[in-house]
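Just passing along the structure, written as structure tokens.
Labels A, B, C and D are assigned to the chains in the order they are written; within every chain, residues are numbered from 1.
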């Protein structure tokens, strides 16, 4: 196998598509949003990306059939808005691998004619978000894109996130920007301890505004309620309304 | 030395051979089965595989003579059933290495004409197995292969093992499946703490049923008795019939 | 992206320039000096060096605009003395990467005609420096360069630093020396626990003497005062004049 | 710089030379022997081996002059017996690197016409050696070489060392053996906690017998006495003749 092996599954013509990256990260926010889009709009698988950067691993499905771990691109038709959505279970295994792999992802996006990209993720606040006030923080590869995103509800804060943006999301902006791609990162605020469907909902709302489509939130709301029950139970076990400790939260999701 | 260096030792013609992978893993189940087959049927060494993915190490034999660490393919004639059995002491050292090395192993299997493969291993249950009820869990690269294996005694459980299958075994299915190889993974239940000859026996029984041969189990039974004595002594030392602690068990074998 | 990708920003003719390396290290001494030179003399950006050896990361500026992490070369005209100053936020990610990256840096220095180099850094003493007596330790790739540096105030101590010099600084001397570059390492004594502008000042003084220019120290002095306030507060919190513990100091800066 | 860069310093004609490897390892036994040979017989430097497998590091000498870390081959004329002695401060940084680097070392040995090799090292016993009874354990790439070594005082024990031989020493036998080199490993018993000049002496005695030369031991004896003083002081501090604890010993040398 080559270091990166891209399998062509289908090759639809897309109209002015936007590249959406939703690989795993803080609170699994980006992954939740990307998978929600693929499910709600019944996306079409267009590419499988296998790579020696991923763990040597197969998943086993409900019939006991294995599949070599890979990332997937789906074409999502969001009420006439064409999206090219990247999902998967892994980031790369090394610094160098992140660069090589993101370059390959950007090649696919370019091949489909994407001139715009959103890298989706979460930004950890270190505490549970109160009153469902989930801000969505933004960063852009191109200064001119900022105003439109502010109108869509994205917040820009000086020099934040302080540690920059790492992983594939960071490089979609870094390498994509150098290629001339108009790329933005949307980061939902999240505690950082939990898989966070509410933060995903906040990111999705911004994305709707920015791209002009609407999507049903029922599934995400259901998952959010499940998570709240889990948190509630932990709080009871602690005999009070206190916040679960970091250690307890780390393993939820 | 090249990253992978395959030494041809002999080149017998095999008739519809089955590739059996038994590298080290959970409970050394796969390794025990593969080595048992080579010994009982007096297998013929056909290939040595040296690789920079293995530790920089020589083993020393009973006469003080060294041998560079490597994996071996033996031809095993199991009562007329041709097997190509892979054994060794190591997995690869990196993600990328696992892919490269498994590809090389699959090349050898292909060269000998194997169209079917069994990757052998253990699946950890986290507790000692009671009453010798060692189930053998299965996963297949090809949905059609499932029925035959169920008849041979393999159990299929929805989405299990939950973490998928990792290492060379996983890739024999993942990469092998992509090449059109009909590959199955047979995983003997085992505590995960001990080298487990009983779990190996359970896997071997299933393999006999699936491929239509019979093999003597005396050696494995003897090793199983030795292991039981060890466990018994530990339980005595603890002054009771309690299960040895995880820490004690970790070092047995 | 190639493993190393050098972007030409401008290409001024330099007159007998000296290469100054100031990547992050002990006490961030080298980085502080290099950045101070670029700021005080209003340096001109000449090269951006991108590499897969750096983390997969973008920084976010005060307007929310991202930039792929990279190292920079500036031309600094220090009162008629031409300097080629290397700054950045990272060292390489592996042994091999350090060699490859330093070779690339030396190629740039050679391209601009540098025949002399200073690798700047700190040498940890393990305790806070008393009475502002910040010695600057030196090492040279070329024995003949020692005398001139001693005259400029550099101290040479037998076999020190005992552990040698590691990272890009070490290789500027090691690889640079093998190319015929006249390279010296200037290491300001520093506790090793704090970002140390005073140590940077000491290194800068030596550099001024060696190269024959003068630079304003006001900014470094201001940063040094800020650091002293921080240390003072910690000492108060400890209810005494004792030195802050290593754990407290580790996180300052 | 290339991954491996061999600098030719001189090119004497050697008569039936023996390759001696003495890189750092258990008790620094091999390194002590190799360096002792170079010093006592006033060896001539013939090759410097630089490699990206070594740390990015320069050493600093007593005059403050730096040298890029490397391994060295010396020609040693041991009373008419030609030796090609490899010394250095590092092993390789990765599995793959060990293979590549040892291959390069073997190329040099081959270039000088070595048909025989001794890889020198220590074998840890986990306890201080009593009454100066330092056995020297052996392993050979070629069964026929065993008898001669037994006559020289080497002990061969079934399947020992149990973990095989790792690092460059292991591969001098593993890779060298595959090339047809007659290679042996001589391992002096040593506690494993201390730099052990007495174990080095034991190895040196065997080597003298095997190759037919004599060397002065005074320097090694002196170092051994220094080590004994250190151990004695620790034992006093413990208020008794007890063996120093493993933790205390780990840091001596």
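Note that a residue touches a chain if its C-beta (ideal position, glycine included) is under 8 Å from a C-beta of that chain, and two chains touch if they have at least 3 such contacts.
By chain, with names taken from UniProt: A, B, C, D = Proteasome assembly chaperone family protein.
Please read all numbers here as calculations on a predicted model, not as lab measurements.
Using C-alpha centroids, which chain lies at the maximum separation from subunit A?
D
To bring subunit A onto subunit C by a C-alpha fit, how many degrees must it turn, rounded to the nearest 5?
To bring subunit A onto subunit C, one rotates by 90 degrees.
Which whole number of Å gives the spacing of the CA centres of subunit A and subunit C?
38
Nearest whole angstrom, what separates the Cα centre of subunit A from the Cα centre of subunit D?
It comes to 54 Å between the two C-alpha centres.
So, what's the distance in Å between the C-alpha centres of subunit B and subunit A?
The computed centroid separation for subunit A versus subunit B comes out at 38 Å.
In subunit A, what residues contact two or more other chains?
In subunit A, nothing touches at least two other chains.
Could you list each pair of chains that touch, in label order?
A-B, A-C, B-D, C-D
Subunit C touches which residues of subunit D in the complex?
1, 3, 52-69, 93
Please output the residues of subunit C touching subunit D within their complex, sorted ascending.
It comes out as residues 92, 94-96, 98-100, 102-103, 138-143, 146, 156-161, 164-168, 170-171, 173-175, 177-178, 185.
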